[in-house]
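Once you scroll down, you'll see the structures, which are given as structure tokens.
Okay, so subunit A shows up in both of these, paired with subunit B first and subunit C after.
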Partner chain A sequence: MSFITAYCHIGEDICTVNGAVFLQKKQDVTDSWFKQLYKELAIEYPKFYKMDMLAQAGFIGSELIKKVSPDLSTRYQDDEIALLFANQQSSADADIRFQDSYLEKKSPSPSLFVYTLPNIVLGEIAIRNKWFGENMFAVFPKFAPEFIIQYGSILLKTGSKAVLAGWLGVLDGKVEVSLFLIGEKGDDGIPFNKENLIKCADLRDQA
Partner chain B sequence: MDQLKEELKKHIIEQLNLEDLQVSDIDDNSLLFSADGVGLDSIDALELIVLMEKFYGIQVTNPEEGKEAFLTINTMADYIVKKTK
Partner chain C sequence: MTYIGAEEIISPLGQNIQENFKSVCENRSGISLVTEAGFNKEDIYLAKIIADAGIFKFEFLLIKILQNLSAQIDPSCISSDKTIVIISSTKGDLDRNIADPFEPSLSAIVQKFKLANQPIVVSNACISGVLAINAANNYIESGFYEHAIVIGCDVISDFVLFGFQSLFAVSAEPCAPFDKNRNGISLGEGCSAVVLSKTKEIFKNAPLALLSGTSANDANHISGPSRTGEGLYRTVKKTLEQNDISADSIDFISAHGTATVFNDEMEAIAFDRLGMSTVPLNSLKGYFGHTLGAAGVIETAISMQMMRNDLLVKSLGYSEPGTSNSLNITTENQSSEINTILKTASGFGGCNASLVLRKL
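== the complex of A and B ==
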């Protein structure tokens, strides 16, 4: 049996980790919501500023999970942690911005172009943590807990010891992000099943 | 010179789509292409070359020259001053 050992949620103006409030969005500052979270995490990783919102969402979510699972990188080999993400919008947020760069500004931006694939976020997380395990990004019409359970279970049966899974809903400034760390037998946590995934995901727009 | 550096930072933020960065976040001596500095990469180097031509009329054709010029905001500003004299 597998377990959800940590989870986090980033909504429009509140971020929770394992159900407890981590940060509420400050309205009186110029920093974006993700930058506020980055600062609160007290990370020094300048590449964060280059990422598109989808990559920032995955990056911040993975850092939040690591915060409550500090032994994550030492407990497993670098190829034992799999990444399993999905969303509804693919990389549309970056695609639209790239389109604007050549249609409106008449200058296609290479720095935007590199984010016009949804699985780039997986690379950003892998590079940051030096995790070289299995990875997958899927696009679905809505949150698909069955997919996470089926694919996650296969990963755990075929060499992965942990799966960092998540739903990265990011488009046009709107944010609905949930990440889960799924571990194998012996880990503390709640059973890895559809009911608990839906509960932990707390995705209001996807119900 | 300070005005040039400020302007340069604004152009970099805009050209490289670093909207989350403020001018004050970039130190004049931070290494632009270091993970401990601003964390730019080879794609951004292309953007900087475009930026130099677009805003300052400077064509960076010598890779070695560009490597030295793009080290920090200070070296970029010095390079612009030298080339536009």
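== the complex of A and C ==
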């Protein structure tokens, strides 16, 4: 049996970790919502500022999960944590910006182009943590808990010891992000099933 | 082990698998000079499908390939609730709806072919095709489905071409994988499919065997290949180990070989570390260009044809060694018994994947 051992949610103006409020969005500051979360995490990782919204969302989510799972990197070997992410919009947020760079600004931007693939966020998380494990990014018309349940359990059966899974809804300033850490038997947590996943995801518009 | 068969391809080299494999056997390339295609209206070498595909080329190709497939398998499998359809694509139909590049085309095939399950889109850069085939295999081996149809498809767009131009990654000549003078990719477009099943009888022609594959991240750079080939090394090692196969039982490697300076160098380093630098190897990018999300499926389909015909296919565009670790690149078509092929792929985001095909 596998368990959801940690989870977090980033909505439009509130961020929770394991169901407890981590931060409320401040309206009277110039920092973006993700930048507020980055500062609240109190980590030094300047690459964060280069990332697109999708990568920032996954990066912050993974750091929040690590915060409540401090033994994550020591407990598993560097290739035992699989990354399993999905969303509805692929990399549309970055795609629209890149398209704008050649249609409007008449200068295709290489620094925007490199983010026009949804799996770049997996690369950013892998680089940050030196994780060499399995990777998968998939796209669905709406939140797909069955996919996370089925493919998450497949990954745990085929060599991965933990799965960092997530739904990364980021487009046009709208944010609906949920991440889950899934572990195998022996871990404590909530049983890894569809009902619990939907509950933890807390995706108001989706589930 | 899962059965894999019914391979199909639509590309500039043909409308079906027979036409495509015939072109490849004749060492013909689908790459040609397309006038004023570039951002500054420069002429660019592309592997572009010229035949009229209507307004929505991506959707057209998905429909056409499923029609091709239905003649190669028990057609009732396509709409069966025991079948999952997995699409591998980086950009889908971006020009139709940039904010939702897959859904319109997916809805069209779900309706037209009465698919019982919501298709899964794997969008994982240039490993999408190999990863989608591995995922399909995992779904079948874990008992979630009995059959899987994997379709790889990407079409050329200004978006992708201008992007690769902005990275100075587009070759001024038709791409030359692993060659000393390689200087970038030639973009291609195409659609390819394979069918996986627990059941041999659904295939009109005898299938081959697919062994379970793996993926691994380089954890190094989002757009630059690892200098040590770490992720590619790890995925191949894992794939071989979990199937209990030694490096010397691989008869052929269908490599990724994009023809950028750093990618091909990275692959040569990884294969050297794996003790596989003497295994015959090719890149098929010289025939099809780099078809991104379709590449892994197209190259698996051609690998299957190579096995069926016991023919090593020349690595088109290669003439002089150009990597610091040597490779055994196939420079002429050559008849040779091929029982086991290793297929690899690497992509942006530091991702790498591999799978193994075997004769039954």
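Quick note on the criterion: the second predicted complex is superposed on the first by the 207 of 207 C-alpha atoms of A that agree within 3 Å, B and C clash if a C-alpha of one lies under 4 Å from a C-alpha of the other, contacts with A are read in each partner's own complex, and residues count from 1 in each chain.
The criterion applied here is as follows: a residue touches a chain if its C-beta (ideal position, glycine included) is under 8 Å from a C-beta of that chain, and two chains touch if they have at least 3 such contacts.
Nothing here was measured: the structure is a model prediction, and the numbers come from that model.
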- Query: Based on the superposition on subunit A, does the combination of subunit B and subunit C result in a clash or a fit?
  - Reply: fit
- Touched partner set for A:Phe180, first subunit B, second subunit C, both or neither: neither
- Report for A:Arg97: first if it touches subunit B alone, second if subunit C alone, otherwise both or neither. first
- Which chain makes contact with more of the residues of subunit A, subunit B or else subunit C? C
- Task: Classify the contacts of A:Phe22 with the two partner chains as first (subunit B alone), second (subunit C alone), both, or neither.
- Result: neither
- Based on the superposed arrangement, let me know which partner A:Ser32 touches: subunit B (first), subunit C (second), both, or neither? first
- Is A:Phe140 in contact with subunit B, with subunit C, with both, or with neither (first, second, both, neither)? second
- Partner chain in contact with A:Ser109 - subunit B first, subunit C second, else both or neither: both
- Touching A:Trp167 in the superposition: subunit B (first), subunit C (second), both, neither? neither
- Query: Touching A:Pro46, do we find subunit B (first), subunit C (second), both, or neither?
  - Reply: first
- Task: Compute the least Cα distance separating subunit B from subunit C in the superposition and give it as a whole number of Å.
- Result: 7
- Residue by residue on subunit A, keep only those touching subunit B in one complex and subunit C in the other, then list them. 109-110, 114
- subunit A to subunit B touching residues, read off their complex: 30-32, 34-35, 38, 44-50, 97, 107, 109-112, 114
- Query: Quick one: in the complex, what on subunit B touches subunit A?
  - Reply: 15-22, 25, 35-41, 43-44, 46-47, 50
- Spell out the residues on subunit A that touch subunit C in their complex, using ranges where they run on. 78-79, 83, 88-90, 92, 95-96, 98-99, 102, 108-110, 113-114, 116-124, 126-127, 129-141, 144, 147, 150-151, 153-154, 157-159, 171-172
- Message: So in the complex, the part of subunit C that touches subunit A is made up of which residues?
- Response: 39, 90-92, 94, 98-103, 106, 118, 120-125, 131, 135, 138-139, 142, 144, 158-159, 162-167, 212, 214-223, 230-231, 234, 238, 242, 347-351
